[in-house]
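Please go over the structures that come below.
In the two complexes that follow, subunit A is the common piece, with subunit B as its partner first and subunit C second.
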Partner chain A sequence: MDILIYGVINSIALALMALGFALVYGISRVPNFAHGALYVVSGFVTWALLRAAGLHYFLSICISMSLTAILGGLIYQFVLIRVRGMPISEIIASYAIGLAILEGLRWGGFKGMTYTLPVFIDGSISIVGTPVDFHRLLVVLAGAAVVFLLWLFTRFTRTGLALRGMAQDERAALMLGIDSDFMAVVAMALGSMLAALAAVILLPLGNIVVEAGYNVLILAISVCIVGGLGSWMGAVLAAFLIGFAQIITVVYLGPHFQMVVALLAIIITLIIKPSGLFGRQKELEERV
Partner chain B sequence: MLEACGLMVFYENMLALNNVSITCKKDQIVGVFGANSAGKSTLMYTLSGIIEDIKKKEEMSGGERITVQGSIYYKGDDITELKPSKRARKGMVLCPERRRIFKESSVIENLKIGGYLASKSQASATLDYVFKVFPALARLKNRVGGFLSGGEQQMLAIGRALMAQPQLLLMDEPLLGLSPLMQAVLIRATKEISEERGITILVTEQYARPVLPIVDYAFILENGAAVMEGTRDDLLKNPDVRSAYFGVS
Partner chain C sequence: MKSEQKRQERIDRGIKVRSENIYALMSWRELAYLAAPRLALILGMLILPLVMPGTYWQRVISIVCIYALLALSFDFLAHFLGLVSLGGAFFTGVGGYLAAIMNTSWGLPPALTIPLATVAGACICTLVLLPCLPLRGVYFAIVTLMYPLAFARVIEALDIFGGTDGITGIDSFVNRWVEQYLVISAVLLVLFGLRRLVNLDLGLVFRAVKDNDQAVKASGMSVTRYKAIAVFIGSAMGCLSGACLVHIYMWSGISLFALDFSILPIAATVIGGAGTLAGPVLGCLILVPVSELLRAFGTLRIVFYALILMAFVVFRSEGLLVYGRRKYEQFERWTSV
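This part shows the complex of A and B:
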């Protein structure tokens, strides 16, 4: 029962971390290696607004999410747009930005275990004999809500539909008057906002540390590779696969192996099915 | 409506369009005929501005160097430097070669994505119109685009282009690889669209015969140059054109 409950929680946490990465890659084909840095930045911004500026918790979350979205959009507009279409340069540029942000934070004195965010609701509940605190339940709810809202957004709004069109055939979208450069900025801002959302929901469960940036990036990449790069549904499913695998290893082998599971998942996927679970388009290309 | 003067397009040193000048009057259906590699698609990409996007991508990946010269006027405005999405906004919509529909989206979603530039009321009105012109699409509404037949995909591509509220519709080889029956359906629909919606149409095709009955004026491209132009009757009278593009001698 422990495995089931904490598996679900862990899986949804993973899905939250990975969705932003999957979204950006799916639409603009830019692997955003600054994803983890944006995650940590929004954590620290929320902390600063809450503790240092003394704003209301909810308000600081909203401000931090919009700031991260703007930051993501700016990164795309001023840096990534210049190297678009050159995969290696995209990775180097975005990873360099991520490194600069993370190490800049470390250099700026944001280290140690002193930075924490309060949980939304204190207390815990017992589900069939397993104690679960309210905040973790909230993570599950928020994750489900995000997936559902994203689904609604990409199917019923003009911008969402345009993003989906662009993800499938950029040039065809261009012919229909969809400005692909602008849409890519929108996608990047949205992806950054999702990273920020994941951060404010997940960070209260632990400390805000710079290292989390690297871990989140690795987890997001492993989820996206297993699910098939660019496939959002694949990412959600892969999050459940890796999430449960992680919890099972924690229970039977020990918590040290959590990260190993994610990395092993990447390696196994690349050996057996390089296109991932749901990388349909790519699989076709490989066959041709 | 549309006037292109002295278009020259180079892929590296290869000349794809050689001093092509094309005019397209309002409410006409204008045909551009030419064999493979005569420059039809390049012409369409140049007119719709997609060539700018191709050029940018090639530059970034260090591929072919593409040079475009000449000028394009649309409704009297110089649009030579305009971004492709802006041209679509002005009412110039390209229905591309090989259809390029969104293969993972359903028919209705494809049309909705096409309606990005339309207002809500325009979109729903155009949607009804598309289903009226192509009743087959209404039946296949929820089918995923990639599972449609070639003809159905072409209908969808035209419908999708209509959703973008064009005033000038550029159709690049709409009959490519279709059965004569489907060709006839599409030709009839094209004529209908032009008349009922007041849309000017520029259509390219390799084989002129199926398209000729609806064409008001036509150009013939050969090796990137416009070698002949005239009304339907002018072209029919010319013996060279008859044998090369209509299959009659």
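This part shows the complex of A and C:
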């Protein structure tokens, strides 16, 4: 029962981390290696607004999410747009940005156990004999809500439809008057906002540490590869697969092996089905 | 039409054209023109340890060479095979740990551990990377980024090879001159060896794999086999650097898998000039001493590299060596259109 409940929670957490990455890659084909850095940045911004500036919790969350979205948009507009279509440069440039942000934060003294965010609702509840915090339940609800809202957004709003058009066929989208550069900026901003959302929802469960940036990046990438890069539903499904695999290894082997599971998942997926669970044929050609 | 439009044109210098092939034998001047850059690098590298003040800076020279080997490996794999490996630290770690184990458990001297660790480490790296070789571009980069992290975690989790404490008590080199000239000659040999290699038939196939692997497949050659050969060569260089490193520091630990060994060689390659092979060495000669000077700033130096790296990738993607070579071989002038 423990495995089932915590597996679901862990899976939703993974899905939250990965959605932003999947969104950006799916639309602009830019692997955003600064994803983990944006995640950590939004955590620290929220902390700073809440603790140092003394704003209301909800308000500081909103501000930090919008700031992260703007940061993501700026990164795309001023840096990544210049190297678009050159995979090596895209990876190196976005990885360098992420690295600069993370190590800059580390240098700025943001390390150790002192940075925590409060949980939204205190207390816990017992589900069939397993104690679960309210906050962890909230993670599940928020994750489900985000997936649902994203689905609504991409199907029933003009911007969302434009983004999907870009993802499917950029030239056709250009012909229909969709500004592809601007849309890619929007996608990057949206992806960064999702990273920030994941951060403010997940970080109260632990400390805000710089290392989380690397871990989140790795987990997001492994979820996206297993699910098929660019496929959002695939990412959600893969999050469940990896999430449960991780919880099972933690219970039976020990917590050190969590990352190894993610790596193994990637390698096995790439060997057996290189396009991922929900990848399309087009992607298969790209990678093998 | 008032304003007269001008454009810049570049023309090869006469001496460059004259010294292009057998005509280089025409005069000493042409020969000197060809040999000057190469001799400058070789002699410069050989003289460096002699002119360095104090043992600290001599040690820095060794570290420069270690990073130069890694950068050569990155440049070779990325720009001749199209395999962008973000995990150079994986090669260092495997080579370093192998050398450390051979030295402490089996009691082999450094003269044996370094070549053995290089070859054995390259075999291990190639075998472990073999499943990922069909991947291209982003996908290979992602997988290689994870290998060093995962291996460090496995060593931590299983508490093997000394766990988080690492392996201590490794023999050092006989004296520091042996150490320095060993790594310097390794860099020079690898550099000029690779330059020969990429001009062989094998090198031609490598570049074909990068540019159009469907064509290679259509010619009845196995892409994966050639990639495996190249990864063997590339990881041998990385393992060599790792093996030298543990003997220099007399210590081997999880930090061999650290990010420094992945990111600095990439930065050096980008700054020095991608795809030139000599460029990465040049980049290391610039970056590593700068990073030593910045040591007082702690992790800020990684920020510093990352920003330089980003600026070079985005705004000056040709790199220093390509720029320098253009100035050396061509002159520019403005002509009216």
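Going forward, the second predicted complex is superposed on the first by the 281 of 288 C-alpha atoms of A that agree within 3 Å, B and C clash if a C-alpha of one lies under 4 Å from a C-alpha of the other, contacts with A are read in each partner's own complex, and residues count from 1 in each chain.
Quick note on the criterion: a residue touches a chain if its C-beta (ideal position, glycine included) is under 8 Å from a C-beta of that chain, and two chains touch if they have at least 3 such contacts.
This structure is a prediction, so every number in the text was calculated from the model and none was measured.
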| item | value |
| --- | --- |
| Partner chain in contact with A:Asp179 - subunit B first, subunit C second, else both or neither | first |
| Partner chain(s) touched by A:Gln168 [first = subunit B, second = subunit C, both, neither] | first |
| Which superposed partner A:Val260 touches (first subunit B, second subunit C, both, neither) | second |
| Subunit B versus subunit C as contact partner of A:Leu270, first or second or both or neither | second |
| Broader residue contact with subunit A after superposition on the shared chain, subunit B or subunit C | C |
| Intersection of subunit A interface sets (partners subunit B, subunit C) | 83 |
| Subunit C-touching residues of subunit A, taken from the complex the two chains share | 31, 79, 82-83, 87-93, 95-97, 99-100, 103-104, 106-107, 214, 218, 221-222, 225, 229, 254, 256-257, 259-260, 262-263, 266-267, 270-271, 274, 286-288 |
| Subunit C residues touching subunit A - in the complex, by the definition given at the top | 78, 84, 86, 131-132, 134-139, 141-143, 145-147, 149-150, 153-154, 156-157, 259, 263, 266-267, 270, 297-300, 302-303, 305-307, 309-310, 313-315, 317 |
| List of subunit A residues in touch with subunit B within their complex | 83-86, 155, 158, 161-162, 164-165, 168-169, 171-180, 280-281 |
| Parts of subunit B lying in touch with subunit A, wherever the complex brings them together | 48, 50, 53-54, 57, 60-61, 83-85, 88-89, 93-96, 100-105, 109, 112-117, 160-161, 163-164 |
